[in-house]
Amino acid sequence: MAKRAALYLAKYETPHDVLHAAQEVRKAGYAKWDVHTPFPVHGMDEAMGLSDSKVGWIVFFSGLTGISGALLMMWWMNGVDYPLVVGGKPPSSLPADVPIMFELMVLLSAFGALFGMLHLNRLPRHNHPIFETETFRSASDDKFFISIESEDPKFDLAETKAMLESTHAALVELVEETLQDDEADEEEEHH
Amino acid sequence: MQIFPRALNKLPVYAALANVVVLVAVIGIPWYYFSPKNLQVGYEPHQPVPYSHRLHAGQMGMDCRYCHAQIERSAHAMIPPTQTCMGCHAVVKTDSAMLAPVRESWETGNPVQWIKVTKLPEHVYFNHSVHLAVGVGCVTCHGRIDQMDVVRLDKPIAMQWCLECHRNPEPNLRPKEQITNMTWTSDQAPPGWKPPEVHPPTNCSGCHR
Amino acid sequence: MSKRQPYPQEPARPGDKPVWITLGEKRSAKAPDASAELVTPIKSSDVIPTSRLSRRGFLGLGAASAAIASEGCIRRQVEHIYPYAKAPEYVIPGVPNHYATILTRHDEYVGALVESHEGHPTKIEGNQDHPTSLGSADAMMQAATMDLYDADRSATVREKNGKGSDWAAFDKAFDAILKTLAADGGGKLRVLMRPSNSPTIIRLREAAVDKFPHARFHFYAPVSQGNVYAGGKIAFGTPVMPRYNYAFAKTIVSLDADFLGTEQGALHATKGFARGRRIERPSDPMSRLWVVEPTLTVTGANADERFRLAAGDVDAFARALAGELASRGVDIGPVKDAIGDAKAPEGTDAFVKALADDLVANKGKSAVVAGRRQPPHVHALVHALNTALENVGRTASYAPVSDLVPFDLGADLKALADDIDGGKVDVLLVLGGNPVYDAPGDIKLGEKFDKVPTSIHLSSHFDETSEHCTWHLPMTHELEQWGDGRAYDGTWSIQQPLIAPLHGGRSAIEILARLGEEPAKAYDLVRTTFRERAMTPAHFEAAWKTALRLGLDSGSNSIQFEAHATLPDVAAALQKAPLPKPIGPQNLEIAIAPDNKLHDGMSANNPWLLELPDPLTKIVWDNAALFSPATAKALDIEDNDVVSLSRDGAQTIEVAAFVMPGQADNSIGLVLGWGRQNSGRYGNGRGFDVSPLRTVKDMDIMSGAKLAKSGRTYKLVQTQEHGRMEGRPLALDTTVEEFKSNPHFVLFPSDEKEIAETGPVKRELERPGSPTPKTGPLWDRIKYEAHKWGMTIDLSTCTGCNACVVACIAENNIAFVGKEQVYRGREMHWLRIDRYFVGEEENNPDIAFQPVACVQCEDAPCENVCPVNATTHSEEGLNDMAYNRCIGTRYCANNCPYKVRRFNFLEWRSPEGARQPVLDTYQDIPETEKMAFNPDVTVRMRGVMEKCTYCVQRIEEAKIAARREQRGMGPNEIKTACQQTCPADAIVFGDLNEPRSEVSRLARSERGYALLAVLGTHPRTTHLGKIRNPSPALHKAKEPK
Amino acid sequence: MSSRNRPIKEIGEVYLTKEGMSFHEVSDTVCTVTEKRAPRNWWIAFFITSTFAAILFITIAYVFWQGIGVWGNDSPSFWAWDITNFVWWIGIGHAGTLISAVLFIFRQKWRTGINRAAEAMTIFAVICALLFPAIHVGRVWFIYYMFPIPNQMAIWPNFKSPLVWDFFAVSTYFTVSLLFWYAGLLPDFALLRDRAMGMIGRAGKIRRLVYGSLALGWRGSHRHWQNYERMYLILAALATPLVLSVHSVVSMDFATSVIPGWHTTIFPPYFVAGAIFSGFAMVQTLMLITRAVYGMKSLITMRHLELMNKIMLLTGSLVGYAYFMEFFIAAYSGDEYERYDFLSRLFGPFWWAYVWMFGCNVVVPQLFWFKRFRTSVPVMLAVSCLVNIGMWFERFVIIVQSQNRDFLPSSWGYYRPTGVDVCLFLGTLGLFFTLFLLFIRWVPMIAIAEVKGVLPQADPHDVGEHSTEGSPGHEAAADAALAGGE
């Protein structure tokens, strides 16, 4: 069972520390790195220099589908396919369609929001090298981490370690993952 | 420590695929398999008397209304009484084994227990007379009965199918004298013949009362 | 949900008796069709159609497959088709035949036209050509099919020792009996039967007397014409049946006579009366009806002037009236002295005076009518008055009575009882009737019967009387038997069977024939009698066929003679008859009348009638003792209290009390026909039997009643609990005067165009009508180019008689649900008659009847809210209801302002093993009841909504017929069931787009208004406002008080 | 400089949690509930509620077998307890999403203590509500006619029917609430997963598998947090109008009809106010109980409760206003039917129901004008229960009373319920509480990640020297943080 260096994990005690550390790492010019916190830490977006989230767009378009789909469905079913005289009203009347148009818009938007988020985050991903280490368990509790992946071009066992220690990390650890036969697709999944 | 195998990371892909499959199944399967087209058409029960429409209506060319008398006056299909059969079979094929049930019925007075082929739901009120009156041919709903040795259900008799014609009857209309003609096509229409102006009901009480 | 399949199920079996139908054609009897689960053969256990997989039982599970089934898919179970073996002539499966016959109604014969589907009767209409019905039928006739299919009818001959017997055994025994009787000329033979003017019965009776000279015939019926005949005897020297021309009479006075309801001849009386009331323009003349009666009756409810008067005081009132007339120069000769200075009952003075003036003003155009239960001399006096008022020959004429039975039937029955006590009776033959139940209490007939060595009872049910007889014989229903009878005017009518006896019974004449001539088929007996219409054999057959076809022998009606009362005799009778002690708080009265629905209780097992709300009290499944609000307060009685009533010489009964406005003070109103113990599953123990209170002396009117509260209560159930309109413009009415001054009293006519025509609306009237909103909807309203079905209901002529309600039940397979469910407000009647009390006086209100069925709104609120499009509009503006699409959210019913939608809360036609709500037991409905279903109408299952469809099945049939025959439709071609049966012709249906149709004319009438039009529902049903014709004089007289 | 997350004592703000709570304490307090064995009381409660839940399902089976005639529904009360219960439950189901969404958008940090439980309650209430439209139809096996699916009858639902709107609205609401709830749970499931790592034996393995798969491999990555926060904000933004729309649509079942007492434009806002009112009352009831049972006083503080009471006072008064407006409109409309109907609410056969409704919904909440009552647990418990009773009667009055006094006096009636009606209603209560008990037993009943997010030390700019080497106890850190704050 060959092992391979997957990522460096640096642990911090407080949000304050990890925020500063993140700024350092970013200065150091790493690309494939991440911060792990039990709750979203404010100012981290800037610290990591992340661009705005794209969830909004997904929601917008799914919502659009919902509202137009609803209108189309009702117009065709009641107005075109089998127009019936109901209460002496015209077979297809817009006012009556409004509530359902709204509901379907909301419904599809909601789906768009959640699944869009999951998609952008490439979740669900139940298996991740980072889970190899016991240290990481506290990431969801009260500790703060920075991880730098080995795929990162600037990744270097020595330098990266040094850089992370320079950020007052409470602990720096190299996480290794065991390689399997399906190496190939494992690789491509990283890219 | 990993809880799940790496393979599970493909989950999203599988989930997406599964979704599509289920969706298609849920809508598609009932749509097709529960449809009269699939469940009704081809119903071909074994009748107590192997009466052959092919022989009587086809080869001998008897008019449908010879047996199904009064069908132009009544709502019902007018399955002929034993009397009608005996009209001929008192002299023709008097000892045919196949006709035994008919003769028995004639003697005992008990009816021949025909099996219903063209079954409508019981809340549907179909009226033969009016359809014939406007010139809907037998063949339109019953198919080439003159080619059937055993009567089989030929058309998906369901609301949707009825509506197709009720919404656009013209293609299914013919001159009144042609209603029992199994082979009539619109190009045989006499010159200048126009399908009559019928306005079949598409509202509920047209068929449900 | 299902309808019957077209083909008859049951083969003709060798055993069956042949049934004869019109034109003497013979055909084989057929049991009902079976195939759909609703109907199975009643005689054949062998052929159970496989499709009788009870879908309902199965739906109980809510099985999804049922859903699929109703979509017409996978119905794999085999369905059979059973064509005839030998097709009967004149029967095209699916095309109903109609046969003319007669039915007994209130002990008179009424012409009927019966619809028969593949050999079993499903619907009864009046016979257009018959003088008694003139095309109309009443509630009891409409319900007759249910009597025919009553599953509790007796099916076997029974002996006292309980062991079932059969006809063969009886015939043997009976022959022996007759032999022994022949010895002394039948000295110990007694025959008890209901009075009947059937020529055949009379003939056979005479024949029997020839053979058994010493035998005695006795007659009894709980309700009889005795007093009427006796009165005629006094006045004219011969018993007569008076007839009044209500159409022509301008002033009609009813002295305790319910001539629109329970009296004989009510059907044609209503026809005539309605004609006199139907006014279209204010200028039209209108009759005025004065009623003096103790209990609010249908007649009283239609009165213009009504006085609540105890039945016992009516005598005094009549005399006072005569006096007033005399004092106004009406020549009543010696009668004047006979009445001396009779005091009018207190409070009636103004009434009598105004009435007298009105009569004098309308000499020769008036009619005075006395009620059946009033004593003979009152009838005599009435004849005298009609003579004196010159009405004879104009509004009053008299027909001879064809069968001479004793006038006092009670006494006749008593004579029989005494003979039994005296051991003079060995053999008692009771043909029909149920004397033990309905005989006066003081005779104790049951005990008497037990003493008779051989008593034979022929009856449809094994009833109270059968229990006291040694032999019980099942009797045929009138739709199963040959017979004949005479109409009130003597018209000779033939009764022909529609179906072979379901339970192998025999008719009265078949038994009677055994006494006299040699036994023969009823058919021959009736024909033999008919020969008496002196005709050569050649003519005979033709005449016979015509009579069968028409249901009557035209020209056989006896001459109406215009007799003039011989005043001295009347005077003598009056002198002989002392005035009864006036009714008062110290002298309570009990007045017994036949019931509005069950009459005398002979069809007490008929669920259609049992669940039919009483026209006035709206009580179902029960009768009650009626008290006026004042009396109730005085006696401290409330609704539902159980009180015990008694009087000297009579037994005590317990009955539930009901406080009824319009009831006379100190008079307790009771009705016959209830409290049957042995009527069958539906009728047993319903209501209270009042006959124990009757005595031979006083059958109907009895003073000196004693009343005691039991402290218990009994649940009386009404279909309408709230009787006031709360000032809402619902059943609009006005007086002739107001109508003249303001022809548009209904104020806002039913559509914009009308408003333009009739001009602005008067606001000052205190009861505003309901305007159609001036601002229409936001969209263009739909135009109905082709047919535009509509209906008008004339509140002026509607008497509230309930015939239309039962007609609707019979036509549309409407379920009955039982007392408990009605209590829960779940009655299913598509057509209901709302009864409102009008006016402030709670003791003596005016009555307004308003029939309400689905009004077929053009902009129907119910349709908008149905989530599944189960109720939508047709191109002809019908508010369609697709039962098979309905999922039962009941939202439509919520949103129906008229509350005419009915919901199947439970499976009223219980599936196997499910609780039958009507009886609250676990059982299926009887197979025979299923034969009553109309095959053209879907039978609704539980969980679906239903409502009036304007009889869409009739509309479609007519349209199809027209198209089949390549013709247009006649202006008034279609008649709905309610319209066809309405004796008052108050309901008119037709095409509003058809200028020639009657409905299009009436809908535009000035009295026309749309119920709750203010909601903008644009109903297709137009109600015509009610016009009353109160006496101006009387009201002026009232003013000062 | 001071922390955004610290209360400004000057204006009387207090801590949202027990002062100085550390991240780990928060995790512990909440998670241990799901990790320890259930307390005895839990089992007793669970036994009782699940019994009632069982009754519910038996009753439903009975109704299917016999038909809904076994209920008291009649003509004219074609709808009665069935729809009353439906509207009541839906109303209760509004508080959850409202607390989560609306308060989230208004940045009301105090919501964090209660939003999780509130959302759960929403979902369970909506489940109970959805039961009724389903079983109240006469032929339940045909209910799919309501859905726009292709069929051999070639006929579609009637989209003009408010009932169809209702179906879409409620099912949408249920789905969205579910998504919202689950999204919020993601990080907490991850926490439970990670805590389970240490556990040995079967229990640990199962917990790892279950919570692991539910956590979808969440690893608190900030790149994820970024999308996550945006998603949460959007869901909140969607849910807010949704909440308002749902009960508006429900109210349209009545408002679009013609029946006096139903046909009212005031209904949508009036129903929404009522919904929030009853919803908060139910949340309050539940919170008070769980708080007592599980000693969550550190996380569900008196401040939470008092704020809730204030909202109840507000919405209660709104509802009261609506009651008065109804009468005014009826009088002002000049519509005799409308007038009569409202008068008979007071003096008609159902006056007693009106008294319950008015007393519980309008009079009782006025107690909360006084801080003494606002902060007294027994009082608020009593009030919140009474409010729920009152709100049930409100729906009863609107639905049944109006039907029994509509246009034609001839068809007026008096509604009488049956035992089956009662069993159904109690049954839904049983189902509701059963689900809720299961929830507090297996799911973090408080949004841990969010609570941590509003702790003072969660703010990176929250000064207070934190050693860079080694780790001082959490208390120390917290104290330091506090010191810095003042």
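The first chain written gets the first letter, and so on, giving A, B, C and D; residue counts start at 1 in each chain.
The rule is short, and it goes like this: contacts are C-beta pairs under 8 Å (C-beta built on N, C-alpha and C of every residue); 3 or more make two chains touch, one makes a residue touch a chain.
In this text, all values refer to a predicted model and were calculated from it rather than measured experimentally.
Enquirer: B-D versus A-D: which has more C-beta pairs touching?
Expert: Looking at A-D and B-D side by side, A-D shows more C-beta contacts.
Enquirer: By CA centroids, point me to the most central chain in this structure.
Expert: Of all chains shown, the one whose C-alpha centre lies nearest the global C-alpha mean is C.
Enquirer: Distance between subunit A and subunit D based on Cα centroids, please, to the nearest Å.
Expert: 29
Enquirer: Where the centres are mean C-alpha positions, what is the separation of subunit B from subunit D, in Å?
Expert: 55
Enquirer: Where the centres are mean C-alpha positions, what is the separation of subunit A from subunit B, in Å?
Expert: Centre separation, subunit A to subunit B: 59 Å.
Enquirer: Among the residues of subunit B, pick out those that touch two or more other chains and give their numbers.
Expert: Within subunit B, residues 1, 3-4, 9, 34-36, 158-159, 163, 203 contact more than one other chain.
Enquirer: If I count partner chains per residue in subunit C, which residues reach a count of at least 2?
Expert: Within subunit C, residues 70-73, 861, 863-864, 866, 869, 872-875, 885 contact more than one other chain.
Enquirer: For subunit D, which residues are shared contacts with two or more other chains?
Expert: 152-158, 160, 164, 193, 197, 212-213, 217
Enquirer: Along subunit C, where are the residues that touch subunit D in the complex?
Expert: So the residues of subunit C in touch with subunit D come to 59-64, 66-67, 70-73, 720-728, 730, 821, 824-827, 832, 834-836, 850, 852, 861, 863-869, 885-891, 893-895, 897-899, 902-907, 914-915, 917, 941-945, 1012, 1015, 1017.
Enquirer: Please give the residue numbers of subunit A that touch subunit B in the complex, ascending.
Expert: Per the touch definition, subunit A meets subunit B at residues 82, 84-85, 118-119, 123-127, 131-132, 134, 180, 182, 186, 189.
Enquirer: Which positions of subunit B touch subunit A when the two form their complex?
Expert: Against subunit A, subunit B makes touches at 1-9, 11-12, 163, 202-203.
Enquirer: What part of subunit B is in contact with subunit D in the complex they form?
Expert: Residues 1, 3-4, 9, 27, 31, 34-36, 158-160, 163.
Enquirer: Would you mind writing out the residues of subunit B in touch with subunit C in their complex?
Expert: Contact set of subunit B toward subunit C: 34-36, 39-40, 45, 70, 72-84, 105-106, 108-116, 119-125, 127, 129-130, 133-134, 157-159, 199, 201, 203-206, 208-209.
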